[in-house]
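Letters A, B and C mark the chains in the order given here, with residues in each chain numbered from 1 onward.
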Amino acid sequence: MFCSRCILDSRIPGITFDENGVCNYCKIHDEMCKEYPTGEKGQKILTKIAENIKRGGRKSKYDCVIGVSGGCDSSYLLYLARKLGLRPLAVHFDNTWNSTIAVENIHTMLKKLDIELYTYVIDNEEFNDLSRAFLSASVPEIDAPTDIALTTILYLAAEKHKIKYILNAHTFRTEGISPIGWWYFDGKYVQSIHRQLGKRPMKTFPNLWLRQWLKWLILNRIKRIRPLYYVDYRKEETKRFLTENFGWRWYGGHHMENKFTFFNHNYILPKKFDIDLRLVEFSALVRSGQMAKREALEKISKPMPIEENLVNEVKKRLHFTDEEFNSVLSLPKKTAKNYETYRPTFKRMRSFFWLMYKLDLVPKSFFIKYTR
Amino acid sequence: MLGVRVFPCLLLKNSGLVKTIKFQNPRYIGDPINTVKIYNEKEVDELVFLDIAATTENRKPPFNIISQIASECFMPFAYGGGIRSLEDIKTILSIGAEKVVINSYAVENPSFIKEASELFGSQSIIVSIDAKKHSNGSYYISTHGGNKSTKINSIAWATKMEEMGAGEILLNSIDRDGTMEGYDLELTKKVSEAVSIPVIACGGAGKYEDIGKVVEAGASAVTAGSLFVYQGKNRSVLINFPTRKEIEEILGRSIEEIYSTVKCVRRQKFQINDLVE
Amino acid sequence: MIVIVDYKMGNSGSILNMFKRIGVEAIISSNVSDIEGADKLILPGVGAFDNGIKNLKDSGLIPVLEKKVIKRKAPILGICLGMQLLTLRSEEGCLSGLGWVDAETVRFRFTENQASLRIPHMGWNTVNLMRYNVLFENLHNKDARFYFAHSYNVRCNNEKDVLSTTHYGHDFVSSIQKGNIFGVQFHPEKSHRFGMQLLKNFCMHARTL
């Protein structure tokens, strides 16, 4: 069954349809639109948030931290932060798979906006080993190490410079909401996969340990804000704006500025796990009126582009022979439920995390997905 | 008109890229192959890779990594670190590097440079000189990654190496390495005036404008480490490289015009004993 | 099939690598039947002139090369030393070259005011085309540049054989073409997309006459 509004269908985990055939993800989107208004209301909220940030950071060199990847959303957020009069520190997690465009985009945005950078580079062999472990674990969360590491680095940078606010470039209106059950990320999950399948010690990987995270929440009171939720964010116009004003360049697809993420999204997820992330992204664009449903369906019918060179590059770096790689691809699928995670702990701490969400210390999506 | 060559100088330690300050405290920069791919896409003029641990750890050059790097480079690529035999050079050139960089072994055995340049051609042989300024104002060379100092005068050594057949001199200022305070212009001038082969300046570049200054001092080519891997005051890792247009703007004049202002002092024939003060 | 002649002088691997990147089938070979069966040939070369000619002689490939190139007019591209070997002789050595092109190889000589120009001519330089040629298709714009690394250059006795010149102190011949015989002094395999375009042009357009 297909949603009558977006392009999700009954294969999506956790999907339900109402009497008009509209799916629950569309409903979540509408609720979020109410909770996070744009236009004048959104502008007012943003101005208030900016004032809080400025006040919180008046004694520090920087007043907020922004994670940058060279991508469209984080690049725009840098501009927005400057427009709001903020003094951001850009933070980049280099997983050693940067594309040239990503690096150039970060360089040009930071240079033109006069924003300082902090980069954390993980040891290449350690990251290769961790990635290999995740592939061998046969779970869809191959990007977990990168996502977890970036979160940790953002907190570390905020703590070091006494910054109270982490600005996140997520935009539900163009990125959508990941279906519940598609994946799950936490530090203990990374640890348990590494323990079982990793070969190198974890020395440079910045894992997000619960205790450390709670300290940042409770003691340091570092908040996570999503300013783009309050902006009428239009993807195509934003890309044009960034290109014309900053020399920023588009890299072909969502999250494709990082070659390893590209490999995950365009090869592993569709091939092994039957997950096509474009469904989520295009559904969001359809709901926001930025893409016609017919266009979305047409685009989704075409296979995701992938270069054989990139697959070979991944195999080489991860020290997989062709046979090993193929056998890993055909292993039976597993999920986070097959490994130890913090999930039981998060569930027990549900009320605590409800409070953290209300205080803007954790995103609402975390509360909904991780504590149930 | 021949362009001034501008390119990154990358340091390899085990399987990762690192960056030093005054040849100390190597700091991790990233994956060598991904970095090469980025510089290749940026169409840098050349690439120099130096394995900073091969000589001190007394091991062979990492042929596997050299081969991988060569396959990603569609520009000339020079490798240095731990080269001690003609066989080493032959292997490295056959797996795809255009040139080799020899440092410590040239001091142990200067005629090795003569043998190598006769066999492989001068244009494949770069001699690297790590120079440190002494309190008396002279520059002496160091070997083994800066760990062994000598009393050999850098300028005299450069002329000796040219005489032996070196095609180029890679001139490193140990004092300026990683400081981003600018090249050692005095050292560059002295060495460039003493030899008629190209001198590649290395060590100290802090901003793109430094490239112009060191060319005026006589460098035929310019290389940098920190400048092309770091961004900003925090010295955060971010690969960067000036565009062709930026390089041309920095240099302002053609290389021939620049060369016409650099004098080439007549070389004297040095005996090895003369080199040591 | 493109055959890169293997006579143990030079960076055939790099040339093969670039062919792979542009999607052209090529092999490195010192085998007579491979060369006989080739559509087009590449003569690479890095090093000294006499070593080059000696190695070529010792490889036993000169007869089959002459058959292919002179008799059958198969297109051949000499690169760097490979181009110099096509000439009659070189100031660098004592032995004769292949003599397929009426030219000599001479050392760079500069006047007094050019004295501080260093030898070898090493780095990126541009070319001035003397006439239109398929080898430089899509490379006529000003930003096309190539990597040079040489101390000797070719002097053609017949102006018609000069395809392009390059300026370093004075104008010198940077590429030649006589019928099916092409030569480039620079290294296309190390010249980024400019080299890729040139090799592509050679593969797609150079014809057997």
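By our rule, a contact is a pair of C-beta atoms (placed from the backbone, for glycine too) under 8 Å apart; a residue touches a chain by one contact, two chains touch by 3 or more.
Treat the numbers as computed from the prediction; the structure is a model and nothing was measured.
Between B-C and A-B, which chain pair shares more contacting C-beta pairs?
Ranking B-C and A-B by C-beta contacts puts B-C first.
Which one of the chains is closest to the middle, using the mean of its C-alpha atoms?
Answer by centroid distance: B.
Please tell me the distance, in whole Å, between the geometric centres of chain A and chain C computed from their C-alpha atoms.
Comparing mean C-alpha positions, chain C is 51 Å from chain A.
Using mean CA coordinates as chain centres, what's the gap between chain B and chain C in Å?
That gives a centre separation of 28 Å.
Roughly how far is chain A from chain B, going centre to centre by Cα mean, in whole Å?
Computed from C-alpha means, the inter-chain centre distance equals 41 Å.
Considering only the defined contacts, which chain A positions touch chain B in the complex?
Checking each residue of chain A against chain B gives 92, 94, 96-100, 103-104, 106-107, 110, 116-119, 121, 123-125, 204, 259, 316-317.
Using the touch definition from the top, list the residues of chain B that touch chain C in their complex.
On the chain B side, the touching residues are 1-5, 40, 43, 45, 70-71, 73-76, 93-96, 98, 118, 120-124, 167-168, 196-198, 220-221, 244, 256, 259-260, 262-264.
Which residues of chain C touch chain B once you look at their complex with the stated criterion?
11, 13-14, 17-18, 21, 46-48, 113-126, 143, 145, 147-151, 167-169, 187, 189-193, 195-196
Quick check on the complex: what are the chain B residues that touch chain A?
Residues 15-16, 28-34, 37-38, 41-42, 68, 231-234, 236-240 of chain B touch chain A in their complex.
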